[in-house]
Structure formats: structure tokens, C-alpha cells
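First chain A sits with chain B, and in the next complex the same chain sits with chain C.
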Partner chain A sequence: MMKTILKAKLPEMLEQLAKEYKVLVPAKLEGVSRFAAYRENLELALDENVTMPPKDIFFPQTEEMYKFAAKDQSLEIEEIPQDEKLQVIFGVRSCDMKSIDCLDQVFLTKGFSDPFYQDKRDRSILIALSCVKPMESCFCTSMGIDPQKGQGADIQAYDLGEKLAFEGITERGQEVLNKVSGMFAEEDAAIPPMGEFNLTANVEGVPEKLKNMFDHSIWDDISRKCLNCSACAYVCPTCHCFDIASEVRGEDGVKIRCWDCCMFDEYTVMAGGHQPRPGKKERVRNRFLHKLRYFPERYNMLLCTGCGRCVVKCPVNLDITNVIKKIKEA
Partner chain B sequence: MAVNVEDVKKINPLVPIKAKVTRIVQETPDVKTFHISTMDDQKPFDPMPGQLGMLSLPLVGEGMFSITNKGENHIEMALKEVGQLTKALHEIEVGQEVGIRGPYGNGFPIDYCKGKDLLIIGGGIGLAPVRSLIMHCIKNRDDFGKLTVVYGARSKSDLCFQEDLFENWTKVPNMDVFVTIDREEEGWDGHVGFVPAYVEELAPKPQVTVLCGPPIMIKFTLPSLQKMNFSDQDIITTLEMRMKCGIGKCGRCNIGSCYVCLDGPVFTMEQLKDLPPEY
Partner chain C sequence: MSEMTKKMQEIAREILVKGEAEVVIGWEKGTFWYLSPPAFIDKPEDVQRLVWDDFCHNNLSKYLVDLKNHEGKAAVFVKGCDSRAFNRLLQDKQIAREKVVLIGIPCPGLLDQDKAKELGKNSDLPKAQKCLDCQYPNPLVYDYYLGDKEALNEVAATKEAADYSDVAAIEAMSPDERYDFWTKQYDRCIRCYACRNVCPACSCRECVFDQTRVGWIGKANNSSENQFFALTRAMHVAGRCIECGECERACPMDIPIMLLNKKLVKDINELFGEYDAGIDIEGKLPLGHFDKNDPEEFM
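Then we have the complex of A and B:
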């Protein structure tokens, strides 16, 4: 037996939840789909995955870290209080659920927990949404992901066509469902089978093979057309590099962190001018090695979830599935 | 409000604590050592030799520097003026309040070095990170075997820590200090020549070698060390990359799957052989 609701009734359910939680939903805003705070008449984007991944919910594109004031020799540092409200994130696809696992590895393990990330993560209740029809650029199953089961979800939602079904997984998820239990019907529902994938990639043995491919000529070839524009990293649900900078006005300032990208020259250049990754070949190589070799070495998982966003957004068609293919054939 | 050492552990690792500069030593025309204490005159944190600290002048920026020494109530950082932040730091005076966070990184393998004869090689500002190890060995003199320091700089005035090199360290039992400069100059009757050649000439017989200097010095010293039949795990160096977070999250200081801020900055030659040469 599953809890089901007509899709037409979903706004009503979200409205109800928004009374208690901050509710984030996939929505179309100014032509781009992304997660946004639920409000009446918001155009939900449930037919396919959102263009912008959910990473900015936990790791905002720009985030204030602390304030400071400096005058003559004195300095004051003031921490910025965090929001305390629980947030329900509805409609996260399996690929993006896996990306949250990748981000958790980075921000919450290896001896240091990042308090800015952890705070938002701890306050989040995740409702995963199963897929029925892959988009042209999807290849999540190639990365070992089940498109109908989101890893780490508090609630799993299933797309049944006219209706949605909900399954509480964690206690926290169950609690959320209980708040709107009156809206659900209880019925046996068959989950529609997943459609055929247009794109695939065979990553078997790739991390191991890459151990001996640092100096391979393949990188000249792969990097040639790259523009170092960083679009791939910005839309990537797992890319997590950031810069820390100050915004200063007179004697006051705020320390911010913002998304950064390993495609940029400034990313690694040191005071004095030494540059460990001087050209785009070195930078493109680092990006793909990070995704397919370094991250697996460090965290035992790939840093790619097969969401296909970079495949769609790359202005020069630098397709990661094609890179994987070239590595396999090299 | 003053922050004490215990508080540091509870604090957000990305937010600096307020500290003050209590002493500034002009080491060379472009290197100064800064002594830093908390507002209530304590050590901001207790670093192990080789660890790093993030020092900030918030209106200008923050930068990761090796901690060259620690005292009862302070830590020391020696900074060469190379960029915007270090230029601004070179202009501050005693009493300046700064931000500090840390300690970061692994530090030198002290336990592994215990009881062994150590050769410590430095070039230019590269003596700064290894000085923390030298000071530790001097403070715990009986825990280590013979201590040999070989240090070189471009000219006499570019030699850092001259009081240590020519006075303090010469009095330490079972410790030799050899200093060289690149070219002859008036008033210098010491050794002249580059560090790698000097090391070969001295032919010391240590069990563990620790080196830090400009990439070119490291590149030319390694063959000398290999000629001396060191095993790769007994050659230790400390590396530098651009850093922002210091806790292995922000991404930029990676060499292969290692982060210099967290897994380094100290690496053995054995570890470096497994990493891409991207530093």
C-alpha cells in the first residue's frame, strides 16, 4: 500500500507543508528550472530534472561567512547567525540525491566538518522523486545509480503519471508525511518502468586505468576545444570548489565564499606567480581526473552522477561520456 | 572578548579568531617574522612542527603560512614580501590586530625522526617551515641524534634567522650548521656556492633528510640525496600550493588525490612518487 495524491493536488500539499517548514521545490523561474522556495502560483518543474542542481541549497553560490570591522590597529570579527528553520526539499532526482552524498563526503568527513554546509544539511528533509523517462543527456544508470530510488532520501516519491506516491523512509520523513496524511489515498500502485537511456558510459576499470594515464596524449586531444568557461562546474551537482574573498566597504567588510572552478588560471596561481597548472591541458586533465580517479581514490565513489547537465551546457560539446570512452579505448 | 586556547576547538574552523602582533623581527630586506598571541596573551593554538596557520588582515585578505616556531604564549610566522597580503603585512606595526586560524596540515613526522641523525636543508625562505622542526629538536635535544643544518641564500643579507644561524644554534650540543651564499661578496668569509653542491661536498651521513626551498633547489638536491643512498621514505619535504579553506574542502591545493592543506604540507619522497608532479 502506498500513499498517493493527484498531481493536481500537489500545490495544496506543498502549501500545507510550507506552514511548518521552509519548502523548496523544482520550479521554472525566468526560463531556468531550479529549486525555489514554494509560493502560490509558482510554476513547478516536474516533467524533467531541473537545470540548476540542488547543491546551492547547502552550498550557496555566494555565502557570507562572517563580518569584520578594522580601524587603525583594531579588528572585530562577528559571526553571522544561521537560519534555524527545518527545510523540506521536494523533488530531488536520484542523480542529485547521489550528488548530495558526494558533497557530504567533502564537507563532512576527513577530520573537519564545514559548519556552513553542515548547518543547512542538518536542517534538510529530502523528498526524492523517481524518474520515468530519461532525458536525452541522462546516463545515471551508467554511474551505478537507480533512477527510481534516491540514495539517502527521507521520503521517496514516485511519479505515477497522473498521481504521485510517497513512501516514508526515515523517521523525519515519516513525520513530514504525517503532517499531510489527510490528503493521501491508500492504494496499491505499480511504479511505471524506467524508459530507455539514450546515453551510456562504461566506467568499469576507469579509475584504475587512469592511475597510469597522467602523461597520456589523450589530454591534449580532450582539452583542445575547451574554453575554460566553467559552465560544466557551475551546473555540476557535485563540483564543490570555492573561493574565499572579502567584500570591503570602508572599514567594514564581510568575508564571503563563492563557487570557484578549477578551469580558471587564478584558481591555482600563487603569490609570486608560480602556477602548478599553467595551461588548459593541465586544468582539463585535473577536472576529469578529479571526477574519475582522485575522488574515487579519496572517497571511494565517482564524482559524477550521470545527470548530464555538463553534456547539455558545454558550449563546445565536451561530453564526459565521450571522455570516458576515449579513456577506455586509450 | 578574549579567546583562550580551549575556545579555539569549539570555533568554526573557517572563521579566524582575533589575535595581535606582539613582536616583529626584520630578518632580511624582504622577510619579517611576526610573533602572534591571542588578545589575552596566549598561544592562538598549539601547532606541531611543520603545521600551517591562516593569517589575515581582513581588509586585504588571508594567507596560509608555515609556523616557524612557537613560544609559551605565542606563535611565529616568517613572511617574505611577494604579494598583496604580504606587502600589507610588512607595513603593520606591533599591536596590530589580525585574524588567525589553524593549525592545519600534518606536520613533520616527529616520532619517526626520534633517535635519528637528521639533515635539514633549507634554501631562502625555505628555512621558515623547517625552523619549527629545528626548534623542536633543540628544545627536546636528547630525543634526536646528530642535527646537521645546511642553509643557503642568494646573498648574506638574504639569510633568514641570522641570530639562530650564527649564535644560538652554534652553541647547541651535537649540532652543526653550515651556511652558504650563492656568490662571493665583501664581508663574507663563509662558504660560497649552491646548496645541492654544498650538501654533496659536506657528505653528511644522516638517517633522515628534511628539505625545503624553491622548486629549483629541491629539483637539484634530490639527485644528490639519491646518490647518498637514502630510501625514499627518509627524504622529507614540505610543499606549498595556493590555499583558501585550509581544511580540505575548497579544492585548489590538490596534488592528485591529496590536499596539501590537510594531507600535507609534509610529504616523503615515497608519497610524492605516487602523486602527479603538479606543484
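Then we have the complex of A and C:
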């Protein structure tokens, strides 16, 4: 038995939840789909995955860490109050659920816990949403992800076509469902089978093979058309690099943490001016080695979920599935 | 295989075999049917990767900047807009003419990629906006020329004058409306700099946006920094932008960047007389030289 609701009734349910929680939903805003706070008449984007991944909910592109003031030889530090409300994030696809696991590894494990990330993560209740038809750029199954089961979800939602079904997984998730239990019907529902994938990748043995490929000529070839922008990293749900800077005006300042990307010159340049990754080859190599070798070595998982965003958004179509293929063939 | 693709492959093979260039830069088929990304061909046996179709959008002249300090020669396929970009780079002394072999391709106008993705393969696809606006579909400079120049000269001769109605619509807004419009657009900018990096007019050795320590621009992503970026980028390419539309196509957030570029082209035309960048390489640059008769109403 599953709890089902007509999709047409979903706004009502979200409305109800929004009275208690901060509710984030996939929405089309100014032509781009992304997670946004629920409000009436918001255009929901449920037909396919959102352009911008949920990453910025936990790890915003710009995060103010603390403020400071330097007055009369003394320094005052002022903490920035964090939002305390629990947030329900509805409609996270399996690939993006996995990406949150990748981010958790970076920000919460190996003896380090990033308080900014942790705070937002602890306040989040995740409602994963199953996929029925992959987009032409999706290849999550190739990366070992089940598109109909979101890893680490508090609630799993299933797309049944006209209806949605909900399954409480954690206690917190169950609690959320209880708040709107009156809106559900209880019925046996069959989850529609997953559609065929257009894109695939075979990563078997790739992390191991890459151990001996640092100096391989493949990188010259792959990197030539790259523009060294950061479109791929900034739309990627798993890329997590950042840079810390200060913005100072007179006596007052604020420390900010902003997304950064290994394609940029400033990312690797050393204090003395030495640039260990001077060109396209070194930077593109780093991108793919990080995703397919270094991250698996450190955390035992790939830093790519097969969401396909970079495949679509790269202006020169530098396709990671093609890179994987070339590594296999090399 | 199209006639043009065949010709492309033939000439590429010939150039590589004869050693006229050590690399040929063209286009090949990408992940989806509506993508034809750049391809670098070094060996004669690889020329069959090359294609010419409705989606060869990338402006290949941009890659010549990478070869600035390279010893050998490169051959590159150029559409009308790529050839204008080449001329501009030449004018800025970014490349040496003798290091490049240009293979001109008369361009019938390419199709809109976003529409192709949305509507699917067997639909009637519109041309890309930049191609509808394009005044120079024929390459302006080349060493080899593929295709039928006559037919294209006719197309070029009957082309309608550039349409600035989209710019006029923005100009007609009140300042507040206009501010709102651009704030909304650039609030979604993620500052990935794809628009800059894909642009053949952006060829500075060190870009102002990379000098964050100097403090021209902050790292924070917010309305004010993003708009500073938007305006500065547009002003930096003013007079050099050859309207290839690559910035807008590359933008992952679908920001209508060409509206800004077109506005500047229109202003330059109005303030300094009709000028199209990358056409006449001997002529003076409207923003690159000083003339005592230049308007200076703001002083």
C-alpha cells in the first residue's frame, strides 16, 4: 500500500507543508529550472530534472561566513545568524541524491565537519523523486545509480503519471507525511518501469587504469577544444571547490566563500606566481582525474553521478562519457 | 554525407598530406544530432571525422589565439562570422596571417540548437537568431574556398538590413523597467565565463575579471557584481564584437547577451558612422583611434 495524491493536488500539499517548513521545489524561474522556495503560482518543473542542481541549497555560490570590523587597533568578529527553520526539499532525482552523498563526504567526513554545510544539511528533509523517462543526456545507471530510488532520502516519491506516490523512509520523513496524511489515498500502485537510456558509459576499471595515465597523450587530445570556463563545474551537482575572500569597505568587512573551479588560472596559481597547471591539458586532466580517480581513491565513490548536465551545457560538447570511452580505449 | 562534408574532408586531407599545416580545425558530430563541436585533425586518416551541417556553430577562429606562440601552421575552416573574427584578431595582432591556412565555407545560415533539442529531429527548425541577423554569410578572407560563391552572393545581396527591433524594444522601456529587466537576466548569471572564453573578441592576455586581487570585481555572485561583469564584458568587446552569437549560445543560463552586443553595435553606428567589425582590416577602429570630430556630448 502506498500513499498517493493526484499531481494536480500537489500544490495544495506543498502549501500545507510550507506553513511548517521552508519548502523548496523544482521550479522554472526566469527561463531556468532550479530549486526555489515554494509559493503560490510557482511554475513547478517536474517533467525533467532541473538545470541547476540542489547543491547551492547546502553550498551556496556565495556564502557569507562572518563579518568583521577593525576599529582602533582591535578586531571585532560578528557571526552571521543562520536560518533555523527545517527545510523540506521536494523532487530531488536519484542522481542529485547521490551528489549530496558526495558533498557529505567532502564536507562532513574524515574528521572535518564544515559548520556552514552541516547546519543546512541537518535542517534538510529530502524527498527524492523517481524518474520514469531519462532525458537524452542522462546516464546515471552507468554510474551505479538507481533512477527510481534516491539514496539517503527521507521520503521517496514515485512518479505514477497522473499521480505521485510517497513512501516514508526515515522517522523525519514519516513525520512530514503525517502532517498532510489527510490528503493521501491509500492504494496499491505499480511503479512504471524505467525508460531506455540514450547515453551510457562503462566506468569499470577506469579509476584503476587512470593510476598510470597521468602522462598519457590522451589529455592533449581531450583538452584541445576546452575553453577553460566553469560552465561544467558550476552546473555539476558534485563539484565542490571554493575560494575564500574578504570584501572590505572602510573599517568593515565580510568573509565570503565562493564557488571556484579548477579551470581557472587563479585556482592553482601559487603565492610566488608559479602556475603548476598552466594550460588546458593540465586543467582538463585534473577535472577528470579528480572525478574518476582521486575522489574514488579518497572516498570510494565516483565524483560523477551521470546527471548529464555538463554534457548539455559545455559550449564545446566535451562529453564525460566520451572521455571515459577514450580512457577505456587508450 | 553532404557534398560540403566531402569537400571538407578532401581539402583537409590534401593540406595534411602536403604538409601545408600540421593541424586542421573543423567540426565533427557530437553527443546529440544537433551538436557539431570543434574537431582538431592531425592525421590524414582522421579527416573522416569532419562534418559540415546545420549545427557547426562554434567560431573556430577563437582557437587561433591558443596557437599564438605555436611554431607550426594551422588550417581552419571559416564561415562568414569566423572569418570576421579572424580579421579582428589579425587587426589586434593576435595572430600572424602566414601561420594560418583559411578554408572558407559559404554559410547558408545555421539552425537553432535549443529549438532542435526542444522540437526533435524531424521538425521544421528555425534558423539561429544570429544567422537571421547576419549580414556576411560568405567568408571575407580565405586561402581556399569550398562551395558555390555565386549562389551565396545572391543570398547576401538580397539579405535584409540588420534588424534592431529587439534592441529598440529594450530602449523603449523606462529606466526602471530596463533596470528590472537586466537585473532579472544577470541575477541568474553563475559567472562561469563561458561567454567570455568562447568569444573571439576576448583575447586579452590577462582579463580584468581574473584580476580579483586588484579588486576590479569581487568574487561574490550578487546583482551588483554580476551587472558590473555584464556591462564591462559588453564594453570590452564593443567595436570588436563580430556578432557571431557564440557568447549567448554558450551561456548555460540563457542570458540574452546578444541584446547588449547589438545595442553597442547600434550605438557605434549612430555615434561614429556605419561600422561592421572584421570587414575592412585597413580601416580605422571606431573605438580604437582618436578623431577630433568624435562626439563628446557628455563632457
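Operating definition for what follows: the second predicted complex is superposed on the first by the 329 of 330 C-alpha atoms of A that agree within 3 Å, B and C clash if a C-alpha of one lies under 4 Å from a C-alpha of the other, contacts with A are read in each partner's own complex, and residues count from 1 in each chain.
The rule is short, and it goes like this: a residue touches a chain if its C-beta (ideal position, glycine included) is under 8 Å from a C-beta of that chain, and two chains touch if they have at least 3 such contacts.
Just so it is clear, the structure is predicted and the values come from calculations on it, not from any experiment.
Contacts of A:T268 after superposition: chain B is touched, whereas chain C is not reached. Within the superposed three-chain model, A:F112 lies in touch with chain B and out of touch with chain C [touch as defined at top]. In the superposition on chain A, contact of A:K55 is made with neither chain B nor chain C. When the two complexes are overlaid on their common chain A, residue A:P276 makes contact with chain B while staying clear of chain C. In the superposition on chain A, A:I256 contacts chain C only, with no contact to chain B. After overlaying the two complexes on the shared chain, residue contacts for A:E76 are found with chain B alone; chain C is out of touch. Of the two partner chains, neither chain B nor chain C is touched by A:R121. Once chain A of one complex is fitted onto chain A of the other, the partner contacts of A:D243 extend to both chain B and chain C.
Residues 243, 245 of chain A lie in contact with chain B in one complex and with chain C in the other. Residues of chain C that touch chain A in their complex: 30-32, 35, 37-40, 58, 62-63, 66, 184-185, 187-188, 190-194, 196-198, 210, 212, 218-222, 246, 249-250, 252-254. Put simply, chain A touches chain B in their complex at residues 65-66, 68, 70, 73-77, 79, 106-107, 110-112, 114-116, 214, 240-246, 248, 251, 253, 255, 257, 260, 262, 267-272, 274, 276-277, 282, 286, 289-290, 293-295, 297-298. Contacts from chain B toward chain A in the complex involve residues 12-18, 57-63, 82-86, 92-93, 95-99, 215, 240-242, 244-245, 247-252, 254-257, 262, 276, 278-279. Of all the residues in chain A, the ones that touch chain C in their complex are 29-32, 51-52, 61-62, 136-137, 199, 221, 224-225, 227-231, 233-235, 243, 245, 247, 256, 258-259, 261, 264-266, 280, 311, 313, 315-319, 321-322.
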